[in-house]
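There are structures below to look over.
Heads up, the next two complexes both have chain A, just with different partners, chain B and then chain C.
Now for the complex of A and B:
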């Protein structure tokens, strides 16, 4: 990190910090040229130390409570810590054995594939419906837009744990509304249909839950983004005889592309590491059939008491997440450079 | 899909209508009216789908028992508070409420103090490693906490910190810290340096300038970051699930998921519990919604 070498000794209030930091949320202030100011009116602390003192508590907390656990996680993944070792508190170093066992087991790969498919389906559904509802919002009158936004905010605001509880009730075997709806629509076999019968059916319900909770975010942001697209552009395209479909792909989409990419990656990350929705719904059951990677790690550790193995799963999951995130960060950084 | 895009095409026509001489497109008029009604109906339908689970939670929580456990749902009923009385009368309920508030408020306050100092330094000062720190904070925002529960359990166990409200507060504090720094940094950077300088010329020390000039201007930023922190900590489930297995140290989310199991089929009381858990968040959210949307898109779309 050899940035700003000239500014190391003094803590001059600087005028243009966001050039390098990549500011996203605030408009550039007046006169964002590099202007070096004379240090003035400083008492007590030597100026060179002040920024470090201010930053120290944050850095220390992040290192101790986030950095250390991440490293410890890797260490743990090279150890055998089962029920016995947990009690004796003497973990045994076994090298890459956990990883070998994991990569060689079909259970693990089943869960990996399941997590990928689960994430892909969720993100697809969320982005597709979210975008459509965003467009719909943009085309509504004031009153209807308020009604729809309020409904979306309600769903968005629901705490995950509460919404899981509600969905369990909606899809209850005996008295759930879902069965009644199916019966009313004339489908047979929904007298006491068990929606959580298999892992896949459980994951479908979880998908509905996650989509229901995430679509509002995409839709409302989509709408907010659309409002920044000038109406002149639509009009120009319309005058030129473009259809609604064409306008979307040729005018709206290119402008909204950064938004689409960022939101898609965010959703991928969020869905892939979703824990509460999956675990609280059916604890990964029935028969461990709805476990995604985070839940798999949790059950392997907390349930089966294979803590070393759980750490190995967690490390591999984090590696996958980092791969996705690196794309995401590159995207963000690129956008900020352009700005 | 096509329904929506047709609707949107029509809508754009109507938006553009004032500028286009009406006589030139006589055919479109009727389609416009139909399209408008169509998209309003669609909007209502979508709104109903999204609101229904929330509505069903509240309505079930107000129903007497006999009208909940029915084959066909009852939509008209005489509301009762018996479910709420039952849910809040559960053993330890007030302990959970207290724990939830303690960890939430503790984590948010701690994060605000620590983040205020750090974000001021990041936004206003130059020092070695600043860029690295910004990058670190950005990445820490995405920390995969849900996947780290096992190792957190091991660490807490090794240092005898299981079943502790303090541990949970610390963990939640670090969860909300990066976001808090990130947002406050933006708010501080938005305050013109000239204001601070003017105060300093008038004889303020730097500390005074911060507390008298910048701090008051940060009020909205402090408000929204702390509310977001509140929501994160209030809803957290995975950590408390593994760290605090003893009921005296548990929080409301855990209580809610177990409620259902403990009470078997008493969905009325369960929905009352869920409602009580949701209401504070709902209030905060309705209040925050505009800011959340604006903040996200400011970075995502160039206007």
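Now for the complex of A and C:
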């Protein structure tokens, strides 16, 4: 990694230890010679029980809040728990029946394909526009940059359900602003255009919403990253007669590669598991046409009251996501070895 | 660079949280064993007039020192998943209002306390015989009938007068009137606001033709939307819906027709319940407008009988796991008893039929209640079986069927697909 990429992105895990190392001037309690002999690096890090104590709250809360529900979820996926079983609290063990039924149903595979396509399109749109706005931020004057940053932060800070409600009314069939705008612009056929006519059209609106809400994250991080790219690099490139396009791909992109990598994968995770936006927009409709995997699990579980089946769907969702992310983990592990 | 590995694990943790997106919100009432007790009551949006339920609670709290009644108002949309989780908990609400189409389904799960032995205390002798079946399963009582209501056509008197239309008595007159409003208002007024998924209205048309939503077939049930008679009903719905510009893929609650649509004006008539009519009038008056509504029963095929209507209503049940069962029963006996029900009928101005015939409200001419009363004789219930509640869970196959037909699909094929889903769900225990 180059020096410039330090502090790019959400590299909190990289920054934090440096800071603590710098601040703790007092020698560690053990005060072993080995530590003192090392000129830099790990000198200030505590040893013994302390690190484990410090990490304990995070580990415990992860285990309690994520680990335990996950195990319960896996157990649930091997049971038949419908309305009656839930109320009587007598779940019935049915082995892998839930999985068999799911993997054999065409509905499930339709939803899987839809989820992947939806995620790919969203991440592409978000990364592209987010990067462009990030570059724009870097090149704007002080005032305009402030205005744009504020706008971005506000979009990022908007609660999801509130923004979905606003979008629903914007695109409402009878009273929506979108139809009014189209009519005012002179387009025909928008007297009562139903923007949620099909599953695909519904997902397009949701894509607009998710991209709108997620671009600020990419843009602001991109901008933060760009500020660490030394101006002398640009100058040098320009001296050599490089175009803006060339500078981006030859200078900025290589430096910012870790940023692109982490952000893309974060966005993949966020979009893949986006639930509130999709569900609140049209409850997975029309005719279950806009259900992505998390919504499918919710409709089967809470809506249809097949809780065991929903658990099986969510387990399969996790497995799929791990498969996708294994690419990222391999990359990380490879870097680990190299260093 | 172990930190990177840690970061990777953090990312893995984020993925796992995909599984944790379910809803496990806790609900229910306080259950302190000593000291002040609280009886939690869930009522549905629009069911209990505020002054009435406050008076009931006041009377109850006066009788029982140290007991408080906590009333929580719930929305109909997605109510089943809420009730199911509530009933599975250790501290469920003590008294729950259940739709009359859903009570049998919950009785079968064992989540409701059996009330057969409390019949005398609850005053079951005076109950309306038409309402009782929905509160029973296999001869045992699981809830007290509370109220029932059916839909009528609400019309804007001025819009009808302007077009020279009078309330119709038959379907043909109804269509002719709508046609007249359409032509005289030149597209400015919507003759009838009817969203595409108002399936209780469709049920009435299907019953008018002699069809049904589902019938018993041996030991099992099967969906019968594809029956030619049922399709006739849907065809009439489609004809009626063509006079509306309401969305074809929404029901009357999204957006809420009474408060979000009708008050905006330009609607000559719509089909609704008493509390909806009340809500619309209030919304119009809040906006400094003046509502001048008339009411007539949904017209039948011939003038001698109004159109069939779904006899909607609610029962009050007690959760099996309630910690205050005895108190809950007493509250129930009071609230659903004859005296309070007479006041209830007064408070709703007859828009909801009380469970005691003798408590009924004498409806003045020209009111919602009068129109509703005319149709009460042809009220019908959805199939009474524990599996019916499964059919109504979202996404509801009847609603999807209606949208498909209204968008031009072949009714027969769409009905067969819906029947398949209904049959599968209704037989599920």
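As a working rule, the second predicted complex is superposed on the first by the 259 of 339 C-alpha atoms of A that agree within 3 Å, B and C clash if a C-alpha of one lies under 4 Å from a C-alpha of the other, contacts with A are read in each partner's own complex, and residues count from 1 in each chain.
Everything that follows uses one rule, which is that a contact is a pair of C-beta atoms (placed from the backbone, for glycine too) under 8 Å apart; a residue touches a chain by one contact, two chains touch by 3 or more.
Treat the numbers as computed from the prediction; the structure is a model and nothing was measured.
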(message) If we overlay the two complexes on their shared chain A, which of chain B and chain C does A:182 touch? Say first, second, both or neither.
(response) neither
(message) One more residue to check, A:286. First (chain B), second (chain C), both or neither?
(response) second
(message) Quick check on the superposed pair: does A:121 touch chain B, chain C, both, or neither? Answer first, second, both or neither.
(response) neither
(request) Name the chain, either chain B or chain C, that contacts more residues of chain A. (result) B
(request) Name the contact category of A:216: first (chain B only), second (chain C only), both, or neither. (result) first
(request) Based on the superposed arrangement, let me know which partner A:157 touches: chain B (first), chain C (second), both, or neither? (result) first
(request) Examine A:51 and indicate which partner it touches, taking first as chain B and second as chain C; both and neither are also allowed. (result) first
(message) Quick check for you: in the superposed arrangement, does A:273 touch first (chain B), second (chain C), both or neither?
(response) both
(message) Just to be sure I read the superposition right, which of the two partners does A:335 touch: chain B = first, chain C = second, or both, or neither?
(response) both
(request) Considering only touches as defined above, state whether A:317 meets chain B (first), chain C (second), both or neither. (result) both
(message) Show me the chain A residues, by the header's touch rule, that chain B contacts in one structure and chain C contacts in the other.
(response) 13-14, 17, 62, 65-66, 69-70, 73, 86, 89, 172, 174-175, 269, 273, 275, 294, 297-298, 301-302, 310-311, 314, 317-318, 321, 325, 328-329, 332, 335-336, 339
(request) Going by the contact rule at the top, pick out the chain C residues touching chain A in the complex. (result) 1-8, 10-23, 78, 80-81, 84-85, 87-88, 105-106, 108-111, 245-250, 255, 261, 264, 390, 393-395, 400, 403-404, 428-429
(request) Could you please specify the touching residues of chain A with respect to chain C in the complex? (result) 13-14, 17, 62, 65-66, 69-70, 73, 82-84, 86-89, 172-175, 192, 194, 196-197, 265-266, 269, 272-273, 275, 283-288, 294, 297-299, 301-305, 310-311, 314-315, 317-318, 321-322, 325, 328-329, 332-333, 335-336, 339
